[in-house]
Structure formats: C-alpha cells, structure tokens
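Letters A, B, C and D name the chains as they come in the text, with residue numbers starting at 1 for each one.
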Amino acid sequence: MSSPPSDLVLDLHYWMRLTRTLDNQLIALWKQGRGVGTTFNQRGHEAISVGAGLALDPDDVAAPLHRDLGCFLVRGMSPRRLMANQLGRATGVTGGRDGNLHGCGDLSLNLVGFISHLPQTMPVALGAAMSFSYRSEPRVALTFVGDGSSCTGVFHESLNLAAVRRAPLVVVLENNQYAYSTPLHQQMAIDRLAVRAKAHGMDSDTVDGNDVEEVHRTVKQAVDKARQGGGPTLIEAVTMRMLGHAIHDGAEYVPQTLLDDWEDRDPLRLYEEKLVSRKLVDEDYLARVEEKCREIVADAVDFAESSPWPDPNTVSDRVYAG
Amino acid sequence: MSSPPSDLVLDLHYWMRLTRTLDNQLIALWKQGRGVGTTFNQRGHEAISVGAGLALDPDDVAAPLHRDLGCFLVRGMSPRRLMANQLGRATGVTGGRDGNLHGCGDLSLNLVGFISHLPQTMPVALGAAMSFSYRSEPRVALTFVGDGSSCTGVFHESLNLAAVRRAPLVVVLENNQYAYSTPLHQQMAIDRLAVRAKAHGMDSDTVDGNDVEEVHRTVKQAVDKARQGGGPTLIEAVTMRMLGHAIHDGAEYVPQTLLDDWEDRDPLRLYEEKLVSRKLVDEDYLARVEEKCREIVADAVDFAESSPWPDPNTVSDRVYAG
Amino acid sequence: MEGSSNSAPTLTYIEAITDALRTEMRLDPDVMVMGEDIGGRFGGAFKATKGLEDEFGSRRVMNTPMTELAFIGAATGMALMGLRPVIEVQFADFISTGFDAIVQYAATTHYRWGAAVPWVIRAPSDGGIRSGPFHSQNPEAWFVHTPGLKVVAPATPADAKGLLIAAIRDNNPVIYFESKPLYRSLRGPVPDGDDATPIGSARIARAGHDITVITYGEMVRQAMAAAEESAPQVSVEVIDLRTLKPLDRDTIIASVQKTGRVVVVHAANRLAGIGAEIAADLSQTAFEYLDAPVYRLGGLDVPVPFSPPLEDAYRPDADNIRAAIKDTLNF
Amino acid sequence: MEGSSNSAPTLTYIEAITDALRTEMRLDPDVMVMGEDIGGRFGGAFKATKGLEDEFGSRRVMNTPMTELAFIGAATGMALMGLRPVIEVQFADFISTGFDAIVQYAATTHYRWGAAVPWVIRAPSDGGIRSGPFHSQNPEAWFVHTPGLKVVAPATPADAKGLLIAAIRDNNPVIYFESKPLYRSLRGPVPDGDDATPIGSARIARAGHDITVITYGEMVRQAMAAAEESAPQVSVEVIDLRTLKPLDRDTIIASVQKTGRVVVVHAANRLAGIGAEIAADLSQTAFEYLDAPVYRLGGLDVPVPFSPPLEDAYRPDADNIRAAIKDTLNF
C-alpha cells in the first residue's frame, strides 16, 4: 500500500481539523446560549466525512447527513454560510428556512441537502446517479447513512434499485454503534453491517472509520469503479459517536468504558501522530493549522452573528420554483 | 428423508386439488362474465400455499396473500365464503366491503387478512408473532410474500425487526419469476432470493416450490424452530406464475418456452404421479377427489350466486369497533 | 377526418395521456417515464405508456421494481439534476407507499434550499368500477394540504393532454390525478400540437345563472348530466376545477357572484376534503353573495367499498347532484 | 398538598402523559409501549416513558429500531391478538414514514373484515419552539380525512391524561397528537385516578356570548390569552375540541347558536385543514345563525420555517386571534 501524495495528506488533515474546530465552536455557542434550535455533534466522524468527501471529483454529487459536517466543508460550503444557517440567519444556506445542517444543499457545489426523515436522502442521491447514467456522464453520487438508518425500508429499496440499475452510487454506512440512545444489538441481529449489501447483490466493504486514509482509499476505489460503470458499493465505516446525539443529549446511556476505548483512537489525533511520525509535518505545522482553523471559525461566528435575521415578510416566498 | 404419514399425504393432495378446482372455477366464472371486479390467478402456487399452510397448528396464525388461495382453504375458510366474497355478496368474508381475496381475514380461524399495499401484511403477521412472545404462548405466525414484494422497504424492515426480536415468524417468499409483468432481472440484482435474509442475520432456505412435500417439510421445520424460541426463518419457494397476474392479464410478456418448461413440473400433477407411483393412491381415488372438489366448488358458486347483495343502507356500518 | 396537423382528433382520455407523454418526450430529451410495469410491450397496468419504449428506448422508459419510496425519491434526484421524470404509480392508492419521498422531501426542497424538483406523478385514481378499497382511492386532499406541491385533475381528454404537458413543463413537483372511470369511456377532441392547459385555471364547463356546481375529474361528467337533467327549469353553471392546488379562486368567485348558490362535489371522502376548503373559503370570501349555504357532496367517511350496491351508496352521482341542486335552490 | 387519592395533583402536560401510561399499564397487562429510544434510563426523546421500563420491564417497554412501517404494522398485529400497544413516534413529523401501516392497513381493517385494532399512536406534534420543518409539523388533517381512524389532541394536563386513557381503552386505532410546546410549560390539576376523557366530546374552555373561538392543542392557550385580552369589552367563548375525529358537532353548534360568530384556529396549514371542515360544516348547518363568515386562522401554506422571525410569521398566536376576533365582530 503506497502512501498517498503529500498534498492529499495535508488536505485530509486540514479538513479534519477544520471540521473538529467548527464542531467544537458549535458546542461552545450552544453551551453559551447563543444557539438557535438544536445542533448535532459529529465528533468521531471526521475521518469518514472528510475521507469520503475528498474521494470525489468536483462534478460528482455528494449528499451528506447530520454527522457529515466534514463533507459539507470539503465540498466547498463555507463555514460562514454553515454557521449562519445554524443561527437561523438570512445569510445561511437556507436563509433561515431550515436549521442546523438540515437542508444545506447547493447545486452549484453539487451538494444535495438532507431532510430529517432518515435516510430519505438515499434515493435522491441514487436518482442523481441514475441521471448520470441517463446522460452517459462520467459522474458519481456519494451519500452517507447511519447504522440506525440501515434498518429502514428506504435504505433497502435504494440499495436494491441502485444494484439492479448498476447506478454509479457509493453509500458510506457510518456505523457509530448507536442510533440516538439505541445500541446496535437492540436495532439488528447482525454486527457487520456491510452484509446489508448482500441482500441486494451489491459489492460492499468494511473499513476502520477512524483511519482517514483507509476511508479515503476505499471510497476512492468505489468511486472509480462506479465511474467506470462497475456499479454501486456499500462501505461500512466503523466508528463511535463520541458525544450525544445532539447538543441537548448527555448520552448517559453510553458506557464510559466504550467511550474511553474509542477516545484512544480519536481519528484526528491518530492522523496527526501518524503524520508527525512519518515526518510529513511537525508540531509547529499542526499548531499553525489549528490556529488558521480557529480564525476561520471565529470569522464564521462573527459573520453569522452580525448577519440579519430573515425578513418575516418573505415567509411565503420561494415555496415554488418559477 | 422418511416419507410423510399417509393422512398428511392425502391432505396435501386434497387441498391442492381443491385449490386448483376453485381457481379454475373462478377463471371460468369471470370468462363467462359472472365475476365482479377482478380475481387473481394462483395456478402454480398450490404446493406452496398448501404445503406451508398445513405446517401450522390450529392456534398458529397465518397471513396469506393473493396467490395463497390454498392457505385460506387449509386454514378452514370455506369455499362458500370465499366465493361469496369474490362475488361481492353479503355472505362473503367481508360482506362485500372488500373484493377477491383481499381482506379475507377471520380471527376465529387465526387468519389475518391482507391489503393491496404489498407486503404490508408482513409487519402485521410479525406483530402477531411478537404478541406470542409477549404472552409466552407457544404459537407461530406465518406469512407469504412475493419476489416483487421482497424489493420493498416494509419487507426489509419486517425481517430486521423479526430478527432482532427473535420473533416466532416464518416468511415464505414465493419467487414466481415475475412481479406483474416485470421479470426478476429487472427487479433485482440477485437470483437466489433467500439471500435477502442475510442482511438481517436471519436463517433462510430455498426450496422447490413445486414439490409440496419439500415445502411442507421445510416450513414445518422452521415453524417448529420458531415455536421453540429459535427465531424467524425466511424460506424462498421457487415456482412460476402460470397464468396472468389477474384475470384480465393475458401475460403475453412471458416467454412461452418458460411456461412450457414449468408446465412439465406442474405441482399438482407431479404430486399425483408421485402418489400413484408410490402406490399410495390410484387413478380411481384421484378421480373421486376431483369429483368431490368439483361438487364443493359448484356448491360454493350456487351459494354465492344465490346470496343477497349487501344492503346499501349498511354502507357506513362497521367502520369502527364498538 | 382531415389530416391537418391543427385539427383536433377525437381521442379517449387515456389516449390523450399517452399523446401528451409522446409529445413531450419528442420535444425534450430530458423527459422520461418511470414506474412499475410501464415498459416493453406491456406498457403499464392501464397501457398509458404502451408504445413509448418502442419509440424512445428503455433508457427513457424505465421499468422499476416495486419500490415506491426509492423510485419517487430517485425521481427527485433526477429532477434535481435537470431531468423531468414522469412517474406512474400503478394506482393512486399506492401513492401512500411513497409518501415521505413526496410530502417530506420533494415538497419542501425548493422552499428550504432553492432547488427545483420538476417531476410529475401520474396517479390513476377514482372508483366506480368495482375495484375495492385499495384500487379506488382519491387521495388528493392529503397533497393539497401539504405545502409545496401542485395538484391537477383533468376531466376531459383535451385537459388530460394539456394539463399533463403543463405539469411536465412546470418546475415543481406536480401530482396529476387521472380518473380511471374516464380512461376508455370518455372520448373527445384533443388538439394535435403541444399546447398546455395552464395550471391554476379552472374551466366553465357549462355556463348557467341559477346555481354553480364546482367539481373535477369524473364528477364533471356526473355534474354535466345533472345539469342537463335540471334544465331548462334550472340553469346550472358547472365549473371544472382542473387544478386543485393552487385553486382558481377568481373563476369560482365570479361564478358565485352571479349565481349565489353552490354545490361542491367530489368522489373523495367529503370529510375534510377539497370541498371543505372551497366551501369554507366561499363562506368567508363570498359571504354576502351566498343566498344559500354551500352544499358539499362527497364520498362517505368509509373505505371505498367493493360490492356494487355499497360502492354506489358510497359515491356521489348525477342523481345525488341533481338532488343537491334542488335542495340548494329550495333553501 | 394532601395525600388523598382523589385529590388532583398539579402536573405538567408531559407528566400527565406519563401518568396515563403508568395508570393503564398497572390496570391492564395487555397495555404496552413501543417506539424508538423509549426504554431504559433514557425514556424517550421527551422522557414521556421514563421510569416505565424500571417498573414494567423491557417486555412491556419495547425499544424498536428506526423502522416506523414495521413497528406500527407490528403494533397492528399485536392489537389484532388483543394487546393494546401505545406507540411513540419520536416526532409527529415521522408519522408519514409509517403512513401505509396507519391509513391503509389499520384504518380499514374493522370495516373490511371486522377485526378490531386497538392501538394508540402518540405523536409529539406542533411547533413554536424553533425546531424547523421536520420537527414542528401538525399533520392531523391527513388522518381526519382518512376513514377509520380516531384523532385526539389534548390542550391541558388533565385531558392529556384523560384522553390518553380513553385512547388506550378505545377499540380502534387512535392517533393522539400531543403538543410539544405544552410539555413543560403548562402545568395544571390532573385527577389521580383512572378516569377517561371521553373521545368525541369537546370542552367549553371559557364561556362567553359574543363570539366563539374553536381550537385545540397549544392554540387553546393562545385563544384563552386572546379572550382575556379582549375582555371585558368582548365576551369570548373558547371551545377546546379535544377530539378532532369524530368532531363534537353538538357542542360547536350550540355555541354558535348563542354567539353567531366564529373563529377557528389551528397551527397546522390553514389550507384544507381541520378549520376548513369546521367552517364548511358550520356554514352549511348553522347558516341561519351566522352573523359573520367563519374566520379561519391557521399556519401558512409553507413548510414550518426554522428561524424565529419566520416561524412567528408562520404560526398564529394570541395577537392574531385577537385581531381575528375583532375582524369578525366588526363584520
């Protein structure tokens, strides 16, 4: 296994750091009572959302969910617009019509937004992939889904349809051990979630969701295969949701030992250690990146908090396309 | 493999013959313009519906679908009530409220009725099974599902829930090569449908759906296992839908060679030949059974056609339970 | 019949649907059809898509597995990428199986993040043909109540074509309720070209001055029969709504200002149906013009029953409409 | 506070829900609860089932995977076998995910083959709390329009308990819409015993003689505030519907006969909402008593927006109700 080129390595690291920094800032804002509505946590998911997101070409379509802050970022959605959306401002992605990461779609960035009803985004991403086949375009669609969501009907219908149409779709299944408060063993009678694909004759793989290079490499292979007409792939990425489901959730139902075990394998720290030991970066570099990310996020907060609220007179605008 | 006891052998044969006779009579009635609405065909499915249906104890619950005329019969629903339902009479199972085999449920016979939305009956049958666990009753629920229906979300949600709860449920998947006009290869990227179970960690098996003893034996094993707390099983029974989807459908989309191949393996004729060759019955016996079935079915037609229509003043009755 | 391309040949309602699909597929390579059993020689449960695969190939005529959630959701993704999928649900009754994909995803997308979802769902609806509770439903009220959708329901072959063309060209998710009892029993002139019937505009199916009957779909035929039977003593105006969302309030109000009396009719459950919205709206906006309460006639609050005497008791018809007209005039 | 078992302790709205569940689970071993995350120490997204697993065990408090279709369908099977499942959907918004299991299977079963389906769905509905388009919905109109269901929506802690008890004992599928904004912000006396609030009977929340405000859920609180602010100049009667299906037409009509003026209010989309049914019905059955058109106040025809200024513009409140009262009196 050859190492990835160094610009990719630095990208993987940078976006994970930015994701973590933004996530931490959201938590801080809400703890300080500066939030609006709720916000989700993504800690533990950086390697998956960033590793997978960076496996795409700009023309490809991504449909990230509530743990995939990193994917929104690598696809070019700015921290300013994301933060403003979280705070319900007119300058946010949805102009205050939707909250947190919900609805953060932007076709100019080839980003498809999600809805709460999980995982209704899957068939939509599949449809994007089917449109590529329809037009013989060499493009791929990527979407994410959780372990809990892999129990749903729409997940299976989507895999079945993707497989029978050999659609250029890659599905990253984020097995983070829990659906809200419900552990895997109360959700399903399997423990290797990649087997879900077998029911539909689809290729699948399982990766360490805390190893960003492994995630990236495996998703990239699946993306390349899909682009070449090889059909869809389901990739299970195993990780742990390190915080509550959303900001209000203390996750007291998660055994501390489980968290401790996974804390030792924090995807960002693991990668930083790896890069230092490979001598690709030094501590100084890491500190500079961290500082840069902090600045970007601070700027996003300033931007969002000084942005106007949406005008209530526009509430009925934009229900329909012209 | 020991042969089944002779009373079971004769039962399997008798109910298959009655099913075939009733099905033929329905076709004849509709061709003569004596039908109301539509009626489904079940030719080719006799071994599955009868073989599986007879694997249950009286206390067990069955939830048969539109190809499972045989299961309704073996569970004790009379040809009279079934025929009257097909003809929309007050004496039919639903009193004219629902048509053909739809809604033919009767809790006194432990039969759960189905709806068109396929396969919404699956979670209902699962719920019956879950109620047996809840009450620690040694009972089992059995339901049927088609190949087309195995693509649906509700199918997969039901298997997942059944598996994680180890519910005493047996699901017979009737792979009859088509969903209406759509052949398997346009529906899914698999050809052995039993693999659907793998996605949910459920046991599964595949049987020759035209071999009534194999169907019966395999379903019985699954029923026994479920009754002993061994959890659910999915059994794929492979057969061919020998006629159109419903009475109006000439099924011109089915290649004749395919039908010819399967006609050679007609489940009823195969079994009659086997019984004769095993010297368990003779031609005379078979003729007598056929005659008896004809009488029963003729009586059912008389009963239904001489039954009153429902009173239109009752149209709003019975929407709610008291 | 002359061969002029501007003539209006006589087509059945379902032929007009096929004509609209063919017309739009010829004009726009982004238009495609998808659904269960719609392809090949079969051409769908009602044959509305028969012949299309021969002309346009299987890429543009896509047989789907029985997965309403996945294929409606996929149509949304295709629409986001600029295609214009026309989805057939085999019966309108099965639209509930894809409910989330419609009311949660597609309906809200443009409002939330500004992306257009230009698909059409063709939903063969309505009863009167002994099809029982699961092949006879008229579920339009669910969708009229849901923000973000448009809903149309043609009553004539000409509008079956014109509204389908308009729906395909519309940049929003449109649900097109076709009335099964009209498929082969109603025949009428259908313009040859590619003219659209504008969404949001009702049609005066019959002018009159004593009373207004407001309806849509197959009930227009029943209302026309009732109007004929009531003439010449009573002059009945019949409004064919054509679009259920957005409602053409101007046409409705103008008629009511003239007649002062209204009967609203639909085959769907009367309770909390479209008729309730129209009656409530008129009672508020045309209060001073109404000489009698708005009479609502609709299906009973029961699942559509199968047996003929029960279904006939369930479903309004010309006789019921005539009686409602009489009642409302005698108020 | 005295310890008498007949006293009425003061509970929050959500405590009253828990109280009802506990009361019925103690009385009837066939009553059980199921849903996502409802078990264990967690006790559900809103903690309505907290403590129940400790008392009744995991057999009767069943955590389900995220499979709305399967677990609502399974509840139907359990109900057919004589159990009385109380299903929690995590938010009312997700009820659309289990739609077929509700509107197609459960709702039609008794009509078709005479088997009772005694389950309850608890649906945490309503907005005003900055939860955005998918955690703020009021989807009751879909279910009122669907034959075979009952629909209730308590506005007070006492009715939160009483209606849930009634729903559990009812032999039909009942959808119980609880109003999230009331959960912890509304506190009131709740009878200690196991009395049911009968399904189908509205409540005069406030007697008055000038005008009737008809509403339910959290809007009762808004209406009461508007009524207080309108007094003493205007004497407002407030009807808390409590049951949306079947509607208590007698109570409504009696009030309208007295006041002659009506405002109907709900947070759900006004278009083709419950208010339309009530207004249409009154306009027909109380035509001669109405001195002004029935005023309908409801949510806008848009997805419930997230941002505070937008949600406030979407959603009726006491000020809007006061203005509607004024308008209707000045008609």
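General observations
Everything that follows uses one rule, which is that contacts are C-beta pairs under 8 Å (C-beta built on N, C-alpha and C of every residue); 3 or more make two chains touch, one makes a residue touch a chain.
Computed from a predicted structure; not experimentally measured.
Taking the mean Cα position of each chain as its centre, B sits at the greatest distance from chain D. Centre-to-centre spacing of chain C and chain D amounts to 32 Å, using the average Cα coordinate of each chain.
The geometric centre of chain A is 41 Å away from that of chain C, both derived from CA atoms. As a whole-number value, the distance joining the C-alpha centres of chain A and chain B reads 45 Å. Counting partner chains per residue, chain C has residues 65, 67, 69-70, 93, 96-97, 100, 104, 108, 111-112, 133-134, 147-148, 300-303, 305 touching two or more of them. Chain contacts: chain A has residues 94, 97-98, 102-103, 115-117, 151-154, 157, 160-161, 164, 186-188, 319 touching two or more partner chains. Chain-to-chain contact here is organised exhaustively, every possible pair of chains being in touch.
Residues 61, 93-94, 97-98, 102-107, 112-113, 115-117, 120-132, 134, 141, 153-154, 157-158, 160-161, 164, 318-322 of chain B are the ones that touch chain D when the two sit in their complex. By the touch criterion stated above, chain C contacts chain B in their complex at residues 36-37, 40-42, 45, 63, 65-67, 69-70, 91, 93-94, 96-97, 130-135, 300-303, 305-310, 312-314.
Per the touch definition, chain B reaches chain C in the complex via residues 36-38, 88-89, 94-100, 102-103, 115-118, 148-149, 151-153, 179-182, 186-188, 252-253, 309-316, 319. Touching chain A in their complex are the following residues of chain C: 32, 59-60, 64-65, 67, 69-83, 100-101, 104-105, 108-118, 147-148, 150, 171-172.
Taken together, the chain C residues at the contact with chain D in this complex read 93, 96-97, 99-100, 103-104, 107-108, 111-112, 133-134, 141-142, 144-148, 245, 268-269, 271-281, 283-285, 287, 292-296, 300-303, 305, 331.
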